[in-house]
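One chain, chain A, links the two complexes that follow: it is found with chain B in the first and with chain C in the second.
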Partner chain A sequence: MTFVDFLNLLIAALLLAGIYAVMSVGMTVIYGVMKIVNLAHAGFMMMGAYFAYELYQRLHLDPILAALLAFPFFFLVGVAVHWLLVRWLPHSDRPTLQSLLLMFGLWLVLQNIGYLIWGNTDRSILSPRTLALVHLGPIIISSLRLVVFVAAAGCMAVLEIALSRTWFGRSVRALIQNRYAGRIVGVDDEKTARLTFGMGIAFAGVAGALLATLYSFDPDFGRPFLLRAFVIIVLGGLESVSGVALGALILALVETFSILFVPASYQPAISFALLVVVLVVLPGGIAGLWAKRRRLA
Partner chain B sequence: MRNSSGSFIGRRKPAVATVLLSLAAGGLVLAGCAKKSAESEAIKIGVVLPITGREGKPGQYQKEGIELAIKQINDGGGVQVGTRKLPLKEVFYDDGSDSAKSAQLVERTMSSDGVTAVVGGYSTALGEAESVMPDRYQTPWITPGAAASSIFAHGYQYAFGTLTPVNLLGYTTAEFLGTLVDQGKLKKGLKIAMALENTDHGVDYGHGIEQWISQHPGYFKVVFSEKFDLGGTDFSGLLQKVKQAKADIFLSDAHLQDYITMQRQYIQSGMKHQMISYGARGPEADARKALGEGVDYIFAGIWWSDKLPYPQVKKFAADYQAFTGRKVDSWYAATAYDSVRALATAIQAAGSLDKTAIRDQLRKLDMKDSLVPGQVLKFGPNGQVNYPFVIVQNKPEAKVDIVYPKDAATGEVIAPIPAGKK
Partner chain C sequence: MPEPVPAPILELQDLEVSYGAVQVLWGISLSVSKGQVVCIIGPNGAGKTTTLNAIIGVLKPTRGRIILEGQDIAGLPPHQRVQRHIALVPEGRHLWPGMSVEDNLMMGAFPPAFRPRVAHNLEGVYGMFPRLKERRHQLAGTLSGGEQQMCALGRGLMAEPHLLLLDEPSLGLAPILVDEIFQFVAEIVKHGVTILLVAQNIDYALQVSDYGYVMETGHIVLQGASDMLLNNQHVQQAYLGGSIEEPGAYPASQPAQG
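Then we have the complex of A and B:
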């Protein structure tokens, strides 16, 4: 393998990591604050894809702009879903069967709404960017992937700033650390949970809209990404946003480079082998490892 | 409470009620019998196809082909069975592109629904799962969408398929490329990279190509061959390996969704080859819609084309458009349509609804007004047909031409792909 080939692969992995991070972070914040494994994440990603598709088809709106618009739209959807369904779930420090079933049911409902509205036809967005390439000397990059990566990285940066520099972010981090202690020091846990759920769903919608520019989709869209999101959040340590970014990068690097040594048909197995290894060797994920190091220091 | 004679007071009331209930029940039974009798006047055909899930689109096209054939047969009075003309009645199930569900639903049609025959199984994976049922229930089964030869290598007696084996697709693809070398359009000794789906379909396709190359030394050399999983979302790693192989021709064997995803990532990788094919996929409208000019010059070996110069093909294309409101897209509906016609012909020849007699007639079938290339639909000893493939090529402005064989060609092949394209 030449150096250029290596660089091409590295860039492909980095671009993939951006997409992986933005599709996983919504699940992480919801799990962190509410201990809910949001299986409906895939359903909201699918809805995000159709949101971008409809805006592109009807209003000829740039899909990247549609992805940005998806944030407030799906935030409101998330807040409404929380108000209608999620708030009735029993509070717990651990994921409950009720929450798992509710989210699974919601995913099925969303999927069937998708089939009802759009049928089973594969849709895709063919924009002027779809086939455009950026040539940097011998390195060729898909301009669409580059734009999607920038949008995804921007979303992650905004989330990081929101979590570290705002009252809402501090509340979220407090609840992730200890819900009851957070309440004692004055955090409105219900309001924070509602906004966090809205934000998690908003990220799912944004991720879906961004992915819609790269892949064709149908109402079952999101399922393979959901499985990867699980691997990433376990790698990242379930409750850490920066851990998610690193988990996404590791998964993307492993998937991209391992294919050079193993047949492509084993690619799905690579993710799950990684998941098993992390669960056995590093059950707290990367964030757990950092915390351990800090304690030791 | 008893009266003086020891009988229950008001006993007459329950007796009347019992009589009325018996009459009502009897009426319902008779009505049921009448309904059953009316139903038995139709020939039930099980149809199990994916109209949702990964294979939903081609499955839907096949369903439409089947329903068009059923409608036309019924409009013509039905199928002559002995002295009676009976209509065909479809018993449809969507398997959701799930092979376990597919097999289970075929079993249901054969064991519970009492169908005379089943038409089903789009894609090799689903067809493979269904194929174990026909012999178990001794019910004829025709697959219009599964072509892997492994399905027909088990010695099943009730399984039939209207798609020519995939290894012939691979063979014809290599043969077509060979003719381009003979015509001086491509150079001799070009290197081929293959990315094949990890199914019997992909294996057969690769074997077909390698078989032709081994029989014609010096024409081509396979420098890369690897399999990938169906329904993949990211092929960038695989395509990077293809790039490193520095081949001249890229041949893949993929299902529709994978074809669209892979071709999109192929373009985004900046690769260029002299010729590109995705096996039996290429001219589909969905691909054109998803990638626009990104699918120009791709060639495909397909089982049928609406460009075939037969009057029955023109009629079918027109009927299909009138029936669905859409133009016929690729080959899917045609083989399904012919499956039902083959079945109706066999039932008529059998003169009864005896499943073994119908099976025997399917074996003897020689349908000379078929839509398929060569116009003759005839099942081989293993139950699979063996008609030739046609090669089509996508051209700019959404044009698709048959480019091989020569006698069916509707346009000249463009080879190699012009510089600056792909």
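Then we have the complex of A and C:
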């Protein structure tokens, strides 16, 4: 492998990491605040893909712009779903079977709505940008992937700023780290949970719309990405944006560089293998490693 | 039963609280007068923390009234109670270890109505605890035990409390730090904050407080002016190093004050 090949792979991995981070961070905030493993995340990613598809087909809206519009749209969807369904779940400081079943059921419902409306044919969004390339000397970058990365990185940056600088963000971090402490200083945990759920679903919608520009999709879209999101979350821990970004980068690097060693047909197994390895070797994820080192120091 | 002279800021009437099927408080009545320090003492598991959690609202009483400044707040969620300037410094401190000291303090002024005075109150807290100011950008999880307790006190003060609920502020601290923390408590008292104090360090608690309640297995078994409780035979024997007796051996609900 030449150095240029290596650089090309590295850049490809970095660009992939951006979208991986956006698709995982929504699950992370929802889990952090509500201790719900949102299996329906995959369903909302699928809906995000069709959201961009419909806007592109009907209104010729740029899919990247559609992805940004997906944020407010899916935020409202998330708030509504929370109000209708999620808030009735028993409160708990750990994941409950009820919440798993509810979210799994919701995923199935979303999938079936997808089949009902769009059937099971593969769709894709082909825009003028799809095949355009950027040449930087010997390095070749897909301009679409570059744009998707910029959009994804922008979303992550906005989230990080919102979490660290705003009162809402502080209340989210407070509930994640110590729910009881949040309640005794006057955080309305019901309201924060509702807004957080909206935010998590909004990120699912944005991720789905962005992914739809890169891959073809059907109503089962999201399933392989859900598994990847699990790997990223297990790697990066459930408490921070930077942890998610790190987990996303690691998975993207492993997936991208594995093409050198693993036949393409085994690709889907990579993330699963990584999940098993991490669970066995590093059950606390990277964050756990950090914490251990801090305790030893 | 004697009414304390100044108007009560807080009154509990016949409060009952259960965890699931297990009832823990069996009709607690107590009263805290404005400007006073009132303490609750009693053995482990008596229900002291439960009482404070019911006052702040994270536990819902099954019966009874919680009257704060003349209004029954028993039906309100915690965030609506905190708006009325009650603050809890909880047992075990409950800071956010991954947030900076300053963010921890700021969260003490979370209700929107408190936010305009955050900067001003931060200065006040830093004036009282200069060590927190030095460490304000550090993560709270990296503070020492004494500093964490200061941070928890500071967070409580950020709410400009009319009533401060202090749960075991000296728990787990080295004796020299215990002194320091109680000096801070004394200073807070000087600022005119009304305090309901739960403390294992009964000697201290009764010295710093005006009035005290003794709680055992979810009942108030004894109450009175703190100096009288200090000399009370039951308190002496059960809590202040006298020979320890079965708590139940003493007649329940007997006020020490005539």
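FYI, the second predicted complex is superposed on the first by the 291 of 297 C-alpha atoms of A that agree within 3 Å, B and C clash if a C-alpha of one lies under 4 Å from a C-alpha of the other, contacts with A are read in each partner's own complex, and residues count from 1 in each chain.
The working rule: a residue touches a chain if its C-beta (ideal position, glycine included) is under 8 Å from a C-beta of that chain, and two chains touch if they have at least 3 such contacts.
Just so it is clear, the structure is predicted and the values come from calculations on it, not from any experiment.
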After superposition on the shared chain, which partner residues are touched by A:R145: those of chain B (first), chain C (second), both, or neither? first
Scan A:A174 for contacts with chain B and chain C and give back first, second, both or neither. second
Which partner chains sit in contact with A:V231 here, chain B, chain C, both or neither? Use first/second/both/neither. neither
Would you check which partner chain A:L9 touches, where first means chain B only, second means chain C only, and both and neither mean what they say? first
Looking at A:P268, would you say it contacts chain B, chain C, both, or neither? Reply first, second, both or neither. first
Is A:L126 touching anything from chain B or chain C once the two structures are fitted on A? First, second, both or neither. first
Which of the two partners, first being chain B and second being chain C, lies in contact with A:I259: first, second, both, or neither? first
After superposition on the shared chain, which partner residues are touched by A:R183: those of chain B (first), chain C (second), both, or neither? second
As a test of reading the superposition: which chain, chain B or chain C, is in touch with more residues of chain A? B
Which parts of chain A are touched by chain B and by chain C alike? none
Listed in rising order, the residues of chain C that touch chain A in the complex are 56-58, 77-79, 82-83, 87-88, 90, 94-99, 103, 106-108, 110-112, 115, 155, 159
As the complex stands, chain A meets chain B at residues 1, 5, 8-9, 12, 16, 115, 120-122, 124, 126, 130-131, 133, 135, 140, 142, 144-145, 214-216, 218, 220, 224-225, 255-260, 263-265, 267-268
Across the complex, what residues on chain B touch chain A? 51-54, 56-57, 60, 195, 198, 226-229, 231-238, 240-241, 243-244, 256-257, 260-261, 264, 267-270, 286, 289-294
Note: in the complex, chain A contacts chain C through residues 167, 170-171, 173-174, 177-178, 180-188, 190, 239-240
